[in-house]
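The first chain written gets the first letter, and so on, giving A, B, C and D; residue counts start at 1 in each chain.
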Amino acid sequence: MGCGAEGVTKAVLAAAGVVAEHRTELIELDRAIGDADHGENMNRGFTVVVAALADATPETPGEVLKIAAKTLISKVGGAAGPLYGTAFLRAATKAADQSEVDAQAVVELLRAALDGVRARGKAEVGDATMIDALTPAVAAAEAAAAVAGADIAAVLSAAADAADQGAESTVDLVPRKGRASYLGERAVGHMDPGARSTALILRAFAEAAR
Amino acid sequence: MKKIINDPADVVAESLRGLALAHGDVLRVQEDPALVIRADAPVEGKVAVISGGGSGHEPLHGGFVGTGMLHAAVPGAVFTSPTPDAVEAAVAATAGPAGALLIVKNYTGDVLNFETAAELAEAEGTPVRSVVIDDDVAVKDSTYTAGRRGVGGTVLLEKITGAAAERGDSLDDVETLARKVIGQVRSIGVALTAPTVPHAGTPSFDLADDEIEFGIGIHGEPGRERIPLESADALVARLVTAIVEDLPFASGDEVLLFTNSMGATPLVELYLAHGIAEKLLAERGITVTRRLVGPYITSLEMQGISLTLLKLDAELTALWDAPVNTPALRWGI
Amino acid sequence: MKKIINDPADVVAESLRGLALAHGDVLRVQEDPALVIRADAPVEGKVAVISGGGSGHEPLHGGFVGTGMLHAAVPGAVFTSPTPDAVEAAVAATAGPAGALLIVKNYTGDVLNFETAAELAEAEGTPVRSVVIDDDVAVKDSTYTAGRRGVGGTVLLEKITGAAAERGDSLDDVETLARKVIGQVRSIGVALTAPTVPHAGTPSFDLADDEIEFGIGIHGEPGRERIPLESADALVARLVTAIVEDLPFASGDEVLLFTNSMGATPLVELYLAHGIAEKLLAERGITVTRRLVGPYITSLEMQGISLTLLKLDAELTALWDAPVNTPALRWGI
Amino acid sequence: MGCGAEGVTKAVLAAAGVVAEHRTELIELDRAIGDADHGENMNRGFTVVVAALADATPETPGEVLKIAAKTLISKVGGAAGPLYGTAFLRAATKAADQSEVDAQAVVELLRAALDGVRARGKAEVGDATMIDALTPAVAAAEAAAAVAGADIAAVLSAAADAADQGAESTVDLVPRKGRASYLGERAVGHMDPGARSTALILRAFAEAAR
């Protein structure tokens, strides 16, 4: 029931796919309240992640996540690059050299990712950032993992559902971090692009785990 | 979208190729990571002044690389902060034991990426200091936002710290000077039209024919408020008031006034606005002793202007006047 | 119409006021008739190089007034040639017994008004020569038109004759040199969008979102043909071909390549285009030894570019390199 | 039946009025095939002509025309300034110091004006310029003056009718002089702004003479 390097690779490739598919949507969300590059940045990074994974032969989930982390840090730029990069890097560190991760481990990786993004970006829930998607996702994953017999798919599916809701919640918020914060009240009514991309990526992970 | 480009993904790389051809006497360009480097770098014994950020603000930063100003510029994708490895490569290419000063505009992405780069470079043994410029008075309350943005003041900061490094100031001294400049420079901008990011393909915001964005940033992020188009007299007064009522300008001060085109505002309008601004400052007892007028920190093809005021003293004036030889600023050489 | 102006009728006068404030070290401005004059004019014993034309092409001509370039510029209303009395006043303010060279762009209005001015000045006893620059290869058949227009080559002509005057050349020699430059400089431009003349209030022509005007002039007068928007590679090749297939460029030549923004085309695109142009010229065996890249002869807020090629020799290269200190061009000083 | 300084002044003021009224139309005609300034240039010049005539006390038709000529030369600029300036100046010279002009003299003044414009601008009939309005106007004026008892009003009215037709004829022409010549075939279908202003001014003269 665990997931090895291959499974994690599949999940990361699925994330790359969903980012490519939603590139324009993410650009449009960022155009409304930011600088119209979030979809382009994420897609540029994940395209190289796909190439990097094809070139490498990672043997553990941690190695896969580390390749993704380093690529995102060196290819995405902007705010999302360091934040997603940190998320993947912290998860990689947490995974250490385990050859497989189980449902409980997945929760721990998600929590490590969240802690990393919070430490880097200093955003709180309610600031209208990716934190608003990732925080409820981790809580939901934790709750799902506490159910006897929960598998990775169930955990990630719960996380994705919660992230969707969390992203939705940013529509009504006044942003306090990132570029959208300059807009203040005028940003109300728009979904945060980073929260949306977080929800999309978690959904891709969940689908890959089924 | 009407642009003279090939594939939007190649815009920055292809543009840098042209920059290198046009200005091979003062700079060279490196690919992957993309860097603009002083032709004579590393300059023995001197602090390397380095800046960077998203592309689309040209001549900032690559056009300010050269003697007496930047040692390297790190261009990211359009409106996107460069990555830490690129910044680290710039430090490695230009800085020696005298160290490097990183000039970072206050945007979450720039701050995070440059932070990581500074750590990486320090780990390699190069002394690095970072300063974050946040001169945009349009952002009102920094407690509840990512803080004020770095805008027009960046140009002046790069010139002045570049001159200090050129005369041989230590890293400590250049850093102290940078913090002093940041403490006494303020800016504000206005947009008449929106820029179009090449990879996005549509204008970054929609403005009616009689509307302008007051307090605009340089990335097409919408401004402080949307107001009706007004006369140059009224608009420039609004800009001057916003800056002067912010610290630290008072009657009796000597200042540098920088009247900047955001890209598509032609010189005929820019000089017109500059003349009004000087008149209004004189009425407040503020003496303009140095000026810079032109498109120096832009937002692609956005129509609009920004005003920047820097409080001067003898030291800053001398550093401003010091020789500079870059594609965009050149005097005394 | 979105512009930072007050009354459209006052645009030029108000803009000149700002120019004077911004660049009081190199020039001064006179009202009624409006003139931009070198700060140290008249320069004893030297030929006065004077140009002028409609406003809206800034920095041309006022931004080229200063040591080593123009002694005076005569700005007309937007896109309207100045009148003879203004040109005559410029001669009176700057020219002594060494005389004056008038640089006239080939448009009916400019030619007629400068012609009259030259007669008036000669009648006052000042030796005056006029040269008419007509470098625009977009105008095909000059037998059936007002002839080729004066465009980008004007900037290079003003720099080179200004340097010759500065080194003390006689009026005969400066005139001969001017005719030589005119004989070996060619330009062509393209517009992506139209300019809006302040007093007209609407764009000078209507272009669809996927159309460009190839062979555009600098006054919003429509170009040679309307073609679909194409890639930078294709467009620059079209421009280079149009110039190179006109006399007098051949493999083995050394040239100055001037890549000009018509106003609103940002530097990121301009450098991109410049890089392509250099590559294409190299493929034809033409060596670019000097470059100028930037918005130097514009058409208000029009998006577009022009390319200008000047065949160089040792003399022209030295005169190009000679010191110049004006608002828009500054080096060697 | 002659016309003195006062009558000529009235005619010039009427021309100024019609130019002001048609400023936008002339700008629009020039926008289509030129640089969108003909109406602005003419109006700027004639506005100052009105002021100059108010300040002066010209005693002959020639003096009135000379004031108009000098003002147009120093205030209009562009192609129209020297051309209209020359037209008025040549007419003024022709009028010399006569205290009045009669119908025959008016024809001579018009011919002098036409010769002046042709000498300055080197345009021929068919080049799509003001010459296409002025040339038939002079011919028509001459013919009208040849009719026994013809007065100034009849002469000018014939000139204006012919100028209207001449201006109309430029619609179908390929311009060979002035800014419109750069357009070649693309200018076909547009009336020449200078031909139109010539027709308007002659009509104003004719109305003033009634």
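Keep this in mind: contacts are C-beta pairs under 8 Å (C-beta built on N, C-alpha and C of every residue); 3 or more make two chains touch, one makes a residue touch a chain.
Since the structure is predicted, the reported quantities are computational estimates derived from the model, not experimental observations.
Averaged C-alpha coordinates put the centre of subunit B at 29 Å from the centre of subunit C. In this assembly, the C-alpha centroid of subunit A lies 32 Å from the C-alpha centroid of subunit B. A separation of 75 Å divides the Cα centre of subunit A from that of subunit D.
Multi-chain contact residues, meaning those touching two or more other chains, occur in subunit C at positions 78. Among the residues of subunit D, none is in touch with two or more other chains. Taken as a contact graph, with one node per protein chain and an edge wherever two chains touch, the assembly forms an open path, each chain linked only to its neighbours along a line.
Across the whole structure, chains are in contact as follows: A-B, B-C, C-D. Residues 27, 31, 33-37, 40-41, 44, 73-83, 120-121, 176-184, 186 of subunit A are the ones touching subunit B in the complex.
Subunit C makes touch with subunit D in their complex at residues 9, 54, 76-86, 107-109, 112-113, 115-116, 138-139, 144-146, 149, 197, 199-200, 202, 204-205, 217, 219-224.
Against subunit C, the residues of subunit B that register as touching in their complex are 2-6, 11-12, 14-22, 55-56, 58-59, 63, 78, 192-193, 209, 212, 229, 231-233, 235-236, 259, 263-276, 278, 288, 291, 293, 295, 298, 300-301, 303, 305, 327, 330-333.
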